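The same subunit A turns up in both complexes below, where it pairs with subunit B and then with subunit C.
Take a look at the complex of A and B:
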């Protein structure tokens, strides 16, 4: 039995995460011939005041301030006293915000040189997918990847994660966050979480624009419309069907509309590729209403839904450590001169040669 | 004529189910007026995952849209199933049965890859099977022409994939008009083509470029004067896709 260790660094948006993972290989010839141990998974989130989004420069400063402390904590918790024993340092190479990505890759390069350990650049989306598969045991699911910056329906074929559907404009998390800003819903722990709590108390469904195009969807129209409703609500004159609409009702209606679109395009992709498993990853994937809706859809197709909790759904270092180690074990390494980050890095650009 | 509740009950028999699409169940059924003729019934069941009021509105809208578009196209030269009968209240559409495979399945068969997921070390493009190149090309050019004719009739499909075009005796027939609408706008047609292009890329990744070239060859051959505008908009839509911000 051989064991491998990887430390992963994530900082593509407002979360800074560092994690250490161990793979214990029992059968080197089998795709799934190894077990996974999470030795540590530390995260620190940059939170802005209600009504404000996070700007690249401030977020990068947050990551720079914290990265050394978080790395030390991750090593301590993993009980790694000699980091030169790590097999690779995995870091998020993209996609994401430029400045925060860069502040974290500098830390990655530094420790790689200090400890003499190779670097592995990881695609953030692939990190989410691989972690989700490992935690849930979903073998070959259709993946709905929903986060602040991404909305994609993905399925594996021929050594790549192929994008079957995606947003034609903004991401679902972005849509929720921007709506939260209008209503000054707090950003801690996350705007999406707070919208979810408010939505639970919503009763009145206010019809919103619903736009799907095959396996793609558009959300900018919904956002514009719901923002204008939110402003009318703040001005105190939002009455629909003789019903005084509340902030809770708006949260409820927005979630119901967006999530119905997401479940619909996921179902379309499942029908298209004849799959019965669906895995939800990404920050919005923690939403229990989304998980519930997906579960009902999957059940009606005699399938099942797989999802993870906030430790793995929300951006984290462990998923980067994991995906990086999968690639490293195939002989992949990112040479120092090739470690620059990229804001746009599509999921299907990565050769997934650890799967058959 | 067969009364509907009875028909619905008959429909739900498992052996009549010929396909479970994304949002519909498709059953083979008897023609309501011509018992000897076979047709299919497309039924949009309730989607319990979404709110009943949203569900009812979407199902009704799509059933009507599909029937309207099929009826409109019945007069033209685009190959689509004949509309037989619509029962909007129950969300049922009766239409002609198309015998044949979907273009998706047919391509997978031609490529010798029944699952659509055979492995391919290193993802290098292997060459197309020799004998089949001409039939693949001819077929995809025909599919492109059919889509061109559709757009020329100012209908956008809304879900152009290789699942939603069938082959009857080697000739394409477009199905599944639930997301279709009438539009003269180049932008709408461009989005339709973009959705198609991306579906080909993800479904038939190894030769997607070649397949798209053939589809466009057929499309451009028939679409006529609006083509410049549509192709320019398509370039815009593609750019938007590439430049789309991935930020939170």
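Take a look at the complex of A and C:
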């Protein structure tokens, strides 16, 4: 039995995460011939006041202020007393916001040199997918990746995660976050979580535009429409079918509309690739209403939904450590002069050579 | 090449190794707007030498501030996470 250790650093948006993972290989010839232990998974989120989004500069400053302390805590919790024993240091190379990504890669390069450990640049989306597969045990699912910056339906084929459908404009999480700003819904722990709680109390469905475009979808128009409704609600003159519409009703209606669109394109991808499994990853993936709606669809197809909780759904360092270690075990390393981060980094650019 | 506004910075470190590590960490990223700002990083013994050249005083200020932030993170890593901080 051989064991491998990886430290992962994530900072592509407003979460700063550091984690240490251990792979214990029992059968080097089998794709799944190893077990995974999470030794630590520390996260610190940059939270802005209600009504405000997080800006790249301020988010980068947050990450710079915390990165060394979070690395220390992750090492302490994992009981790593000698960091030269790590096999690789994995970092998010993209996609994401430029300044926050850059603030974290500076720390990654510095510790890699001090400790004499190789670097592995990780695609953020691939990190989510691999962590989701490992935690849930889904073998070959259609993946719905939904977060503040990304909305993609993905299916695996021939060592690539291929994008089946995606947003044509803004991400679903961005749509929810920006709606939360209009209503001044708090950003702690996350705007999406607070919308979900309000939506549970919503009763009246207010019709919103439904904008699936083939395998893709568009959400900026939905956002604009629901923002105009929110402003009328704030002015106190939003009545639909004789019913005084509440903030809860708007949250409910927005969730139902957006999630129905996601379910539709996911179902179509499942039919295309003949898959019975759907794996939901990304920050919006911990929304229980989305999981429930996806479950109803999957059951109709005799399939099942795989999802994780906030520890693994929401951006974290452990998923970067995990995906980085999978690549490193295949002989992949990111040389120092190739460690520049990139805001655009497509999921299908990565060679997934750890899968058959 | 941008030129008119220049700044030379010399940052001393406790030893050659630390200066070299910071130099390597920082030199990987080129300025985003190559026509407005350029920088060159070298080491001389235990000192990190940086030469900035910019097309305007504004781009010089932004570039220098950004690099100082990055160097700050690298130095904090050296101070808190170097190998002498581990072990029994």
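We take it that the second predicted complex is superposed on the first by the 356 of 356 C-alpha atoms of A that agree within 3 Å, B and C clash if a C-alpha of one lies under 4 Å from a C-alpha of the other, contacts with A are read in each partner's own complex, and residues count from 1 in each chain.
FYI, a residue touches a chain if its C-beta (ideal position, glycine included) is under 8 Å from a C-beta of that chain, and two chains touch if they have at least 3 such contacts.
A quick note: this is a predicted structure, and the numbers were derived from the prediction, not measured.
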item	value
First, second, both or neither for A:84, with subunit B first and subunit C second	second
Touched partner set for A:95, first subunit B, second subunit C, both or neither	first
First, second, both or neither for A:233, with subunit B first and subunit C second	neither
Which of subunit B and subunit C A:148 touches, first, second, both or neither	first
Partner chain in contact with A:173 - subunit B first, subunit C second, else both or neither	first
Comparison of subunit B and subunit C by subunit A residues contacted	B
Touched partner set for A:162, first subunit B, second subunit C, both or neither	first
Complex contact set, residues of subunit A against subunit B	13-14, 53-54, 56, 94-97, 147-150, 155-160, 162-171, 173-174, 177, 205, 207, 210, 212-216, 256-257, 260, 263-264, 267-268, 270-274, 292-294, 296-297, 300-301, 343-344, 351, 353, 356
Contact footprint of subunit A on subunit C as seen in their complex	21-22, 24-26, 28-29, 69-70, 72-74, 76-78, 80-83, 86-88
Touching residues on subunit A, where the partner in the complex is subunit C	60-61, 64, 67-68, 71-72, 81-84, 102-103, 106-107, 109-111, 113-115, 336-337, 339-340
Interfacial residue positions of subunit B with respect to subunit A in the complex	20-23, 47-51, 53-54, 57-58, 104, 116-123, 158-161, 163, 179, 191-192, 195, 198-199, 201-203, 205-206, 237, 240-242, 244-248
